[in-house]
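Each of the next two complexes has subunit A plus one more chain, namely subunit B in the first and subunit C in the second.
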Partner chain A sequence: MGLLTNLKDSVSRVTDRLFASEDPKRIGIYGPPNAGKTTLANRIARDWTGDAIGPESHVPHETRRARRKEGVDIERNGQSVTIDIVDTPGVATKVDYKEFLDHDIEKDDAIRRSREATEGVAEAMHWLREDVDGVIYVLDSTTDPFTQVNTMLIGIIESRDLPVLIFANKIDLDQADIDRVADAFPEHETVPLSALEGDNMDEVYDKIAEYFA
Partner chain B sequence: MPHQCTNCGHVFPDGSKEMLSGCPDCGGNKFQFKQGSVDDVEADTSDQPAGDSDPQPTGGSEPTSGPEPDASTTPDTTASTDSPASDPTPSPEAPTDSERSDAELMESDTADAEESPAQSSARSDVVSSDELPDSPPDAASTADADEPTTESEETAESSGLNQLRSELNDQFESIRIVSPGEYELNLMELYDRNEYIISLREDGRYIIEVPDSWDTDMPS
Partner chain C sequence: MEGLRSMEKIRMILDGVRDGNIVILEEGLSPDEESKLIEVTMTEISPDDFTGIEIETYPREEASDQSLLDRLMGRESTETLTVIGPANQIETLHKDDQLISALVSRK
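== the complex of A and B ==
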């Protein structure tokens, strides 16, 4: 990103802040299933409010309804930034109950989960369209970021001109490749972290305060 | 295809925009296809699974209770339950099963005949039927074959479900039901739409959530 672009972004962020309404920004946590969105949402919520947002799981599509935590005050450099966090269901273009069968889930329950997950994706897309002021896009840095879902969602976010941060999650794992994530979306800021282990959370909060204040 | 409010039974003519802002009678936001109006399927589908397999407490209350016993399971469980299911349904048309019964719905159709220009906007982007997945021809043909065994009932039932499924797909291409529990999602369609299908049942029922009400049940 060029110097001028950086400057422009900084200025626009400052002016946005000056003229912002009192309402806290609503920040949507988006990404594909199993990227660690809920783990991150819980980490942020626990760090600043003491509460969790939702259950974490290795089973994909564990989050099938958007969950919101309001009034999360993040203190940075002597200032306080208040945001509402929306943890959204993982976005996918296909949902198949068979993927749940590997996780010791009965067929009937798997079919129900599948349907709920599908509804969850629809809900997530709705929120993206109307109800979020900024996006934290979470990616599993051990997997290939060049996917249809990622490309499409980032494209939508860009078309809405929403501020977005790319979080390369799971850097505690050996296979993590932060550069691959950064290279996939070079026009956006990529922040490495491990939401599970709490690695690099200081930078995470710095960036959240900078982008979404 | 006409729709019916699952809460009070109010019937909306095919393409009515009325239901997009909730049921005018009871304010409900849960609707179902009036299956009986599909000519070709009327025999098998109409009656059927939707009615019986569900605990069908019919009345006004049950539909609103969200995670009701999955209709999605119907296709699978049919083998065991269908025989009793399919027989009685065709005739009992109205009485006890009240709102769901197809015959009753068919009548009210004609009453509502004043077709508004449909949710043309909602349907305008729909793909043509040839692009639709596969409304398994096998199932349909086997159903026609009228095998005497219980298997025939099962296939007939599933052919009806398949047809309903394809009709659902036809109207709401944003979510394609490939088979029970298997979905394909068109993210751009989901993003672009004003109204959203937020609950799907494989027997052809679905809920449309009016945009205004999205916030209401969000836990804070």
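== the complex of A and C ==
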């Protein structure tokens, strides 16, 4: 009987593997520095797994390594979508350690941070070219979205035929201008939210399930 | 730049920028080349030496640049002008409908 049970278990494991759903999609959270990417990643991870991904800060380039949270199950309308969230460092074309000095950081630490930040941006670009299946592009809706970095990154994402959602973050602030973000990238869907306050997260999860399922 | 491989273009751009020049590309870069330009730029940044690049792209999509057939078919010209300079020397790089302007300091 033991042999028969083992054989049955083996067959069951093989069929489970054969008919299992696809691997979770890796969704990269991209955007310029200080757009609220890690705040959003933490919000999603806390809502669905109970854990955070990384520290949040108002200091630019706080996230200097891509961080991944695997197997985040998001349930919408009776269905479940499983994604791996990749929180990436803010993308820039320049990093000057002197900018960190304005945040009461000592010179040696500022130089170390800037070096790590440059490595992080390079890593983020590599992830975008090789290792993500979809992109959440986060913008601070209180700032001008018509920047060269945003235009370049959206162009890179489009050239790779990756599904992309634009998230207009920080709508809890008075200066937020959602229409300006939507006008900047009219060919993509823009979802307003405040990752910090948790505003409009129902629509955020609806769209994630719709785009990345 | 025609005939150069992607990394050769990027090397030529960054060598020019690191020498303190503003590089103007008449045909722009592909998205993949832009991605690699950012990545290579990041690897070359060093304190008190090179802080990165400023880049601005100017789309040339005026109707006068297009053939009648293109206009009838609704095809837009994809030619672009791209201006790239050293971040620590360019005070502002501004683009409007007709003009890219750069304010450069000779540090």
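The rule is short, and it goes like this: the second predicted complex is superposed on the first by the 192 of 213 C-alpha atoms of A that agree within 3 Å, B and C clash if a C-alpha of one lies under 4 Å from a C-alpha of the other, contacts with A are read in each partner's own complex, and residues count from 1 in each chain.
Going forward, a residue touches a chain if its C-beta (ideal position, glycine included) is under 8 Å from a C-beta of that chain, and two chains touch if they have at least 3 such contacts.
The structure presented is a predicted model; accordingly, all values stated were derived computationally and were not measured.
In the superposition on chain A, A:129 contacts both subunit B and subunit C. When the two structures are aligned on the shared chain, A:68 is found in touch with subunit B, with no touch to subunit C. Between subunit B and subunit C, B touches the greater number of residues of subunit A. Shared-chain residue A:151: touches subunit C; no touch with subunit B.
In the superposition on chain A, contact is made by A:121 with both subunit B and subunit C. Of the two partner chains, subunit B is the only one touched by A:108; subunit C is not.
Contact with both subunit B and subunit C is seen for A:97 once the two complexes are overlaid on the shared chain. Once both structures are placed on chain A, subunit A residues 91-97, 111, 114-115, 118-119, 121-122, 125-126, 128-129, 152, 156 are touched by subunit B and, in the other complex, by subunit C.
Contact residues on subunit B toward subunit A in their complex (touch as defined above): 67, 70, 72-73, 76, 174-175, 180-188, 190-192, 196-201, 211, 214-215, 218-220. By the touch criterion stated above, subunit C contacts subunit A in their complex at residues 30-32, 34-36, 38-39, 41-43, 45, 47, 51-57, 87-88.
Touching subunit C in their complex are the following residues of subunit A: 91-97, 111, 114-115, 118-119, 121-122, 125-126, 128-129, 148, 151-152, 155-156, 158-160.
In the complex of the two chains, the subunit A residues touching subunit B come out as 66-70, 91-98, 107-108, 110-112, 114-115, 118-119, 121-123, 125-126, 128-131, 149, 152-153, 156.
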